[in-house]
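Each remark here refers to the structure printed beneath this line.
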């Protein structure tokens, strides 16, 4: 058993650091740091993805035949940690980590040839059409209907919580193509051009004041049948595959560590009288508590990675646990940041994007995002499967009833 | 011992809640402040000698609880309880006559400018300097977190003597909004209100600008802030109860997997915990109100900080869980549910968090044990 | 609204303090303090009850016609606080607060005449035969059977968690007299002489090493039908009446306050190097946290009392809430005490009763009970309706589904 | 990076768990210590130069995890890891030769006498005095929490120089159990074991009683205690998993209101939380083991205290909830379920609680930031 990296891994780590030093400019870092959304702003993430693409690093886990980096899990882990600690933007997962693998596994050759390179190069921006008003955790109850009409499906209904739908040019969606059998049956997986007539997008502002999510309406939207991935009525299983990929593929401890370092930075310049807040016993204990929680999650992620590397299946408890703890720790970090603000947590800055404002901000740049991040971050324990659903999943596996 | 409301108090509670509920439903945009003046609400805690009604902290709490329930009027406590309370407590007769009746009619809109950078809710932290001049005083310094939209004057704490966190040597100065050398930078607040940072640069004031000619106003300030906290405790109770009620309604209506969310035992227990914290909060807010006017400063401070330590934590829990149990809808601006949390965050920024007040309670307890 | 006592109440408070000063001897206090059980040791509690009886104070809430003190709720509250802070033993509730009120309300004149004075004078010691192995929170599923045979019931079955059954000379029990209808029907409330042939008592040691509870076996135990209280098959409603009386009648904040003062006392003489532990920031914050929690419970109890005084019904949320918070705060106090012990929490003293030992104890008297109290105190959130059941009750009322 | 067990480690884990499970089932009363000696378990972490196997902290953790799962052998860590580790680290060749082979065969039963009243787990708190004499040393002082039944000798920490909590000037002395002036007061421990307080009154020792002639043994002691904590972390993981498994079994069998307890969502979520804490505990115990032998004392100490802060809290939660979910049966001596909690309480008394180690972690982090 060995926690240290191999010489090859250390060489890779150095290469990553060199790349970050060369390409992660202060401007990019600032744009990322001044985005209080749960996700990176699309222009920021896209710009970064293009730089990664030029290096061949856009898709860490895609096989090389599809233009992926073909990294080992350890390499990907090193990448995640280094880029998070350096303050790099995160690249949207919607193309690379969500629809990409589904197309790769279940798509036709034509679909692969057309979509995969465009995902890789950030030429397309995808959004996910899963949730609907009224469905929520009970995703399979979705009602958006796709009715066959010759070579097209005619789609009617509505999707909600659609991240970056106002920016995306494509959507992958689960739609109902049949009412027969169980509700999970009769769901198909379909790729939709966002400029197809009949689609309208209504912005939904989050409580932090950010525009990340939307409601998308479909009014007789005609989508070619050729845009269906895999077999009709099998969409649920593809969607589940994607969700597992989404959760199990998370290596979140690096990003948490980066966020904690940021709070430490704020806590070092806020003061209580003469004393920097980071020396306040209550604050320093909470910083240690979060650090320890990140250490635990990191080791858990490394253990999962280690068993994946040797071909073992870490199981659904692992992915639910990682999702759960990641979201709880993120929230603990954002709460701590707001407490560090003290009196300044009163100050509200609604203008967006912050990194493009030319006027002075009402707080220091380091501190200005803490409050909207805390508020938007309430979503961590809701989206992608609520904490309650994760606990249901874990209990089911552990208890077996 | 009798902890029930009087008939008058029950009536006040009903009329306040009915009025605010009706305004919210009609999206009534008429000036609430003017209506409150008409109803006598602004006069309630002000002294009878100056057009006030001389009512106590329990009555104020009835009002602010209703504000919390309906997410209304965040100006009441800072303007009436803090500014009004300070003028009533230590103002000269002339200052009282000038300000209190105008507060009661809603004409005067003063704001307390006390907090400063790096104060971290230490109420004796005053770096702003007040220097004596031939004609009176010259003030210089920066203030943050000055509550309320477009104040017409400020009550500014400034140090006449002593060093940064000394309790002695602090005076309160009446500064008109148009004073030379005063710069007001207003900003939005997380709870949808307005506040400002102010910069005082050699602001010249007459001798009678010093409230009550009192060069040691800390005790009065400490007491007024505690009284405002009692009002905010009650506001949080209203807010917690409203957030819990909204959550109960939502989880009963929202269907998931063919059943209302509210049948899930894990959510039921969460709601039970929210309800428990509402009840405990109600107890502590009542306790805070009953001690707010106490002559025993140590007992008052301990009761207030104890109540706030409990309520700030409970209110944060309840407001966060209300969002969690509303799911995706909870994290949007489409529902009011996020507003409860924002108001709690604002109050913690104003008053200090549970940790801070637990420490104050512990320090006061240690002092009491040593005595 | 007024938190202060009236002049009459202050006079009463002074009378209570004078009584405690005169009768609560160091010996009695010591015996009580050195009992790490959840309940007072029967001899200690009985002795104290006899002193109270002599003063006319044995039964605070019984009406005067039955020999009760006939106190107001405020007087009872004053009594509870003063006697708890003074370190007085608690009197067993089984006679005075549990079976007594049931007999008073539902018993025959003969039962009242015989039992009530004996309860009052501590001539009888009662135990409660409710729970059974296999019933637990689902009390109504009880199986101990009483079959009519002439003027007697013949009882077979077993009761468990029977506090002080090894000391009691009487038991009030719920037994099944019929299998018809709902399981709550067919339960009768019966008074049993503990020296009736066929009764055997098996001790059950708690994890703190104390003998408080027992399992009681009934093997063809013949009990006169005249010992049944009220109508056959109506026992469940009497039992419920009693449980409500037990919970709603609690005024527990005084006793919690006394326990917290005791922890402060230990924390003042334990030291970390030179510094008394009570000056340790972490300990002093926890002491304040508990104090605040007690303040809240006290105000809740006073609010309940105030509404009872004006004839209002505080409802079942109040009694569940008081039970829940009382048990949680008790546990917080016992945990804190164990943490104050530090290295000394390793030391185990299994001998009982501690107050009768003549050899030296391995720890200071003040500290010796902390560990068994913490362990036995795990029962607070289990017995008398688990915390989970209390939350179920509160949710049911609040949600209405 | 590779975090999987080797085949040897898997085998060790299986055989340790099988053996202990079989002993528990048969209520096997034969001396476990002798059997462990035979199996080579006692020799595992001892140096190969002296009949040891030279295995590392991960292997020890495999063993202690099994002890935790089966509530077995609380003597291993104090005797082998602590005493054995100290002698191996700083003992002279003669001391190693005298003690280590005897430890490996199970013949020697030493105990570390280090903790003192008012130390509160400050490892540099040593009031016991070692004075130089013509023939060697004279020791006086009192020790508490000396672990193990009937030790045949003690390793006593005593102050040669410096004041109460100085890290320098601490020596470790080998003191035979029958030394004149030594009084051993043994007592039962909460986890069913034995420990003692010892009083040293002018105990005369030869010059070579000082371990390794080392007058600054703090670093070695600090490291040995951290290594023992790594072993105890793993023990807690075994214990937590066993308590959780027992709770799952019980709630599936126990019928209430016509259904198994385990169908209640509130209990299911509790069990999910217990499982999560088991997994996090496993991660942290592994981390502790991987850092236990690290040359970087600061990184080691931070990893150990971080792991223990997490695990102590988790283990207390899991053990308390295991009792809660067993209901009435949980609070009796009729089931083993209370033993898990008692062992956790004992370990916190020995090692210090989560609070104490969180503070150590924070202090080390502050030092690292300052560096």
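Order as written gives the chain letters A, B, C and D; numbering starts at 1 within each chain.
We take it that contacts are C-beta pairs under 8 Å (C-beta built on N, C-alpha and C of every residue); 3 or more make two chains touch, one makes a residue touch a chain.
Just so it is clear, the structure is predicted and the values come from calculations on it, not from any experiment.
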- prompt: For chain B, which other chain has the most distant CA centre?
  reply: D
Message: With centres defined as the mean C-alpha position, give me the chain B-chain D separation in Å.
response: 52
- line: For the pair chain B and chain C, the C-alpha centroid-to-centroid distance in angstrom is 42
Message: Please tell me the distance, in whole Å, between the geometric centres of chain A and chain D computed from their C-alpha atoms.
response: 42
Statement: Flagged in chain B as touching 2+ other chains are 264-266, 268-269, 359
Task: Return the residues of chain A touching two or more other chains; collapse runs of consecutive numbers into ranges.
output: 281, 388, 391
Task: Assign the assembly's chain-to-chain touch graph to one of these shapes: line, ring, star, complete, other.
output: other
Statement: Within their complex, chain C touches chain D through residues 131, 134, 136-138, 141, 160-161, 204-207, 209, 213, 270-274, 277, 282, 338-339, 341-350, 362, 371, 374-376, 378-379, 381-383, 386-388, 391
Message: Under the stated contact criterion, what part of chain A meets chain D in this complex?
response: 1-6, 9, 74, 264, 278-279, 281, 284-285, 287-289, 291-293, 295-300, 302-303, 305-307, 309-310, 317-318, 321, 324-325, 388, 390-392, 394-396, 398-401
Query: What residues of chain B sit close enough to touch chain D in their complex?
result: 264-266, 268-269
- request: Sort out for me which residues of chain B touch chain C in the complex.
  value: 1-6, 9, 58, 244, 248, 251-252, 260, 262-263, 265, 268-269, 271-273, 275-276, 279-280, 282-284, 286-287, 290, 303, 306-307, 309-310, 358-359, 361-362, 365-366, 369
Message: Quick check: in the complex, which residue numbers of chain B touch chain A?
response: 115, 117-122, 125, 144-145, 164-165, 185, 187-190, 195, 254-258, 264, 266-267, 320, 323-324, 327-328, 330-334, 338, 341-342, 345-346, 348-350, 352-353, 355, 359
